[in-house]
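Data block below; observations after.
Order of writing sets the labels: A, B, C and D. Residues in every chain begin at 1.
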């Protein structure tokens, strides 16, 4: 198809190579501090599952230490599924907590009723930290707000419309690249053919993916994987690799399932990363 | 047996064909909005498991987005099992929520103490939405209440007696078809030989099924599957297919189990649907 | 050993035969009402897991409908594991609830702080119901209290001492049989060589069993299995069969595990019952 | 490497032999009392998962009875995962509870806000009980506090620095052995090459282990395993064996996983212990 050919010329198609290049065997002499502190701010009273899925994706992706800041109501269900994470209420979000993280993910299932949380992260975050802005936090991000250089937005098409002012028809590779350049941040533009843009970098196209993924919680899981990868590999390629792996696992599972649940993807992450690490180099 | 022969003449026996005809491979260009918003109103303080099972069945059947409106007390146990669903308290059931759904399921484990919920759904629902009325909501449905055309009731024999005025002995295929015509709604008449009636459609008979299914939560699970199927395939055949698949999976599992739990059926749905989609056409 | 030989003369050793004789294939024409309503009163604020294990054992053993009456605090964890059961607080224990059950199990993890619950069950229960008295409820049962004919006590050795006045040394087959006759109830005398006594019935000896079972929650699980079996097969042999199967599964799992968890036993019940039902007759 | 050679001269490298020597087949005539009462004091409002992991490790290691004393907030998530354990709030920690335990573990995820708990354990504990001091409780342990002879500390390098006054560079085998002698307690000095010291015993070195273990909750799990082993085998070798097995399982799982979760290690404990028991002697 014309559009497809056009994309392929402008963009690099993601393949297994991105995993093999990024995911290294871990050095024997290392400890959990080496794999990053990940702070996730996600999950209000209605969308608590989003925070749980994002935190699970972060842990299974190998982040060294994961703290979920979420509505009090979600604490018990988090630990019933994932005792490996730490948990705090929104009221416990201190500057110290923000500044001691290596990566911050804000937004999955956060809702619009606590806009101050994004404001505080943007104000108090340090330049060297990676910041992933997803879901509700994208809707809360208004033109004029400042963000650190190492920021990635993960909007779907309607969130992109609101964020960029580009209608869905205008969300062409050229339009999105121009917007990424202007925004000065990474963009994971989610659609049936997800594309990833960074200022001053060739754009990437995801041709993998399955309609079996079209179910609630997928975006939250992707955001958690991106953050988990950035915690270990603090570079743009981590965003590409996480996005690719998320759809790669889903596609494989979809060989035998009409719908693939996010929690089923999450459980498979460690095996896929291991395989990639053995092929590294 | 005489009764069986008689049934088979009047009704079409459900087979794997209903799955193969209904369940299509999903188009590559699709997203979760295409697979329906399912709103489930279920689970009071005593029967919380019913809401959890119905929501799980909806998600595993492939509904794009599932929201469970249930007693506050059940929110944590839902998310401990199923972070993929959204959850709200009964007090948060707004007209917007009702009207933005593609399918509404009301009744599993709802109890009789909140009759207003059914009243509100019947008043505020839009004509194009499918409505599944199960369990307690059948008991709450009184003669004279109006329901939209696209309504399905899923009574067992005693609920049918109350709903239709037909004694169990009077619940013959002819009697039930006449009642469905009068009611102007679909009927999933649950028994050891479940039958499905719609006005102006040949009735269907389920000859599959296993006494290993005779355990708590089975009806809630069936209701969730019917609603999940309607979210993706908004047509009468979805009701037939979901009912058939529920017993098909149970029968297969019963080859190696004296009792089959609803949650064990739910986990198998995606594989069975996948297989059917590959044989479609 | 002398003691062993002596036992074998006085008692019948339980074998797979008890399962094959009791567990019949379920008739096609049946529904959950045919497999019994089981009411379990168990689990205070400290020992909530006991109620969860007993209810799980009841459901996996095939009881048609299981209601757990337990401390409010345990409701969420029950449903996170077992949405198939219904749950109520102690304050909701009505006469209706007591009298509509086919089998009542009282005691696992109940604690001593609510003696009125046992009193109410003994007062309000109907003659045709089976009653299983376990754990804390054995300690609460005082000489002089009356119980229905169809009662089974499931004490370990110290509970037996308190209940019967027999020291552990005095808990010989003869002594226990005499006590069962006097008490007018069944006794599952739990020890490394569990023995089962009913008035006017040959005693049974369990030679199966594994020290891998020596872990918390095993007794609660056995009590739930006995009650679940009685719900379907309301006869003394159900007590023998459940006790045998509990240790049979544990012994099989212990082939590959140093310690066997109660929840691991529970998951295997349906397969073992199926196998027995196929060999029935 | 020079350092490695030096270590090996001073210390004994742990191998499978430590498991085979310690883990005996359980005698047929035994009950849960024979496998120890384990009391775990762990898990505040933020680090609740630590208590859950430690208790799970204790149960799966075969401790006869495990009670977790933890923040009220963690009770439901514990039982949703592990109904086999008993649970109490910090306010329910009585002298009786402390003194009836065979082994006490204090510290995983306990936080610094309840220093009195450690004080009470140190004051009220009996000489014959084993005591494991982990995590926050190590930070709370101040020079001058007295502990019973049968005490084990499980610090990582920074906790060791605070406890011993030795900088990380000074934490040489000789330095640590001298500190253990002075402290009069066992030391599990956790690092990429964990070492174990007891006064008057040859030190042990763990050469196993994998960077896939570098994730949250690993230390809590190890502490629970050590305590669970001590409950059954109340001798110094239990500490060596539990530490070895923890890394042995992790290494095996890491063959196919980039990151190994603590809960995945826990599930494997019974199989590994069984295998060792069969090779015993």
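By our rule, a contact is a pair of C-beta atoms (placed from the backbone, for glycine too) under 8 Å apart; a residue touches a chain by one contact, two chains touch by 3 or more.
The chain lineup, named per UniProt: A, B, C, D = ADP-dependent (S)-NAD(P)H-hydrate dehydratase.
Keep in mind the model is a prediction, meaning the values are calculated, not measured.
A.B. asks: Since chain B and chain C are copies that touch, just let me know if over half of their interface numbering is common to both, same, or not, different.
C.D. replies: Shared-number fraction below one half, so different.
A.B. asks: When the CA atoms of chain A are placed over those of chain D, what is the turn angle between 0 and 180 degrees, to the nearest 5?
C.D. replies: 90
A.B. asks: Using Cα averages as centroids, what's the distance between chain B and chain C in whole Å?
C.D. replies: 35
A.B. asks: Using CA atom averages as chain centres, what separation in Å is found between chain A and chain C?
C.D. replies: Those two chain centres are 50 Å apart.
A.B. asks: Send over the residues of chain B in touch with two or more other chains.
C.D. replies: Each of 76-77, 80 in chain B touches at least two other chains.
A.B. asks: Can you name the residues of chain B that touch chain C in the complex?
C.D. replies: Those in contact with chain C are residues 46-50, 52-53, 56, 73-74, 76-77, 80-81, 156, 191-192, 210-212, 214-218, 254, 256-263.
A.B. asks: Using the touch definition from the top, list the residues of chain A that touch chain D in their complex.
C.D. replies: Touching chain D: residues 23, 26-32, 34-35, 59-66, 75-80, 82-88, 92, 269-271, 273-274, 276-277 of chain A.
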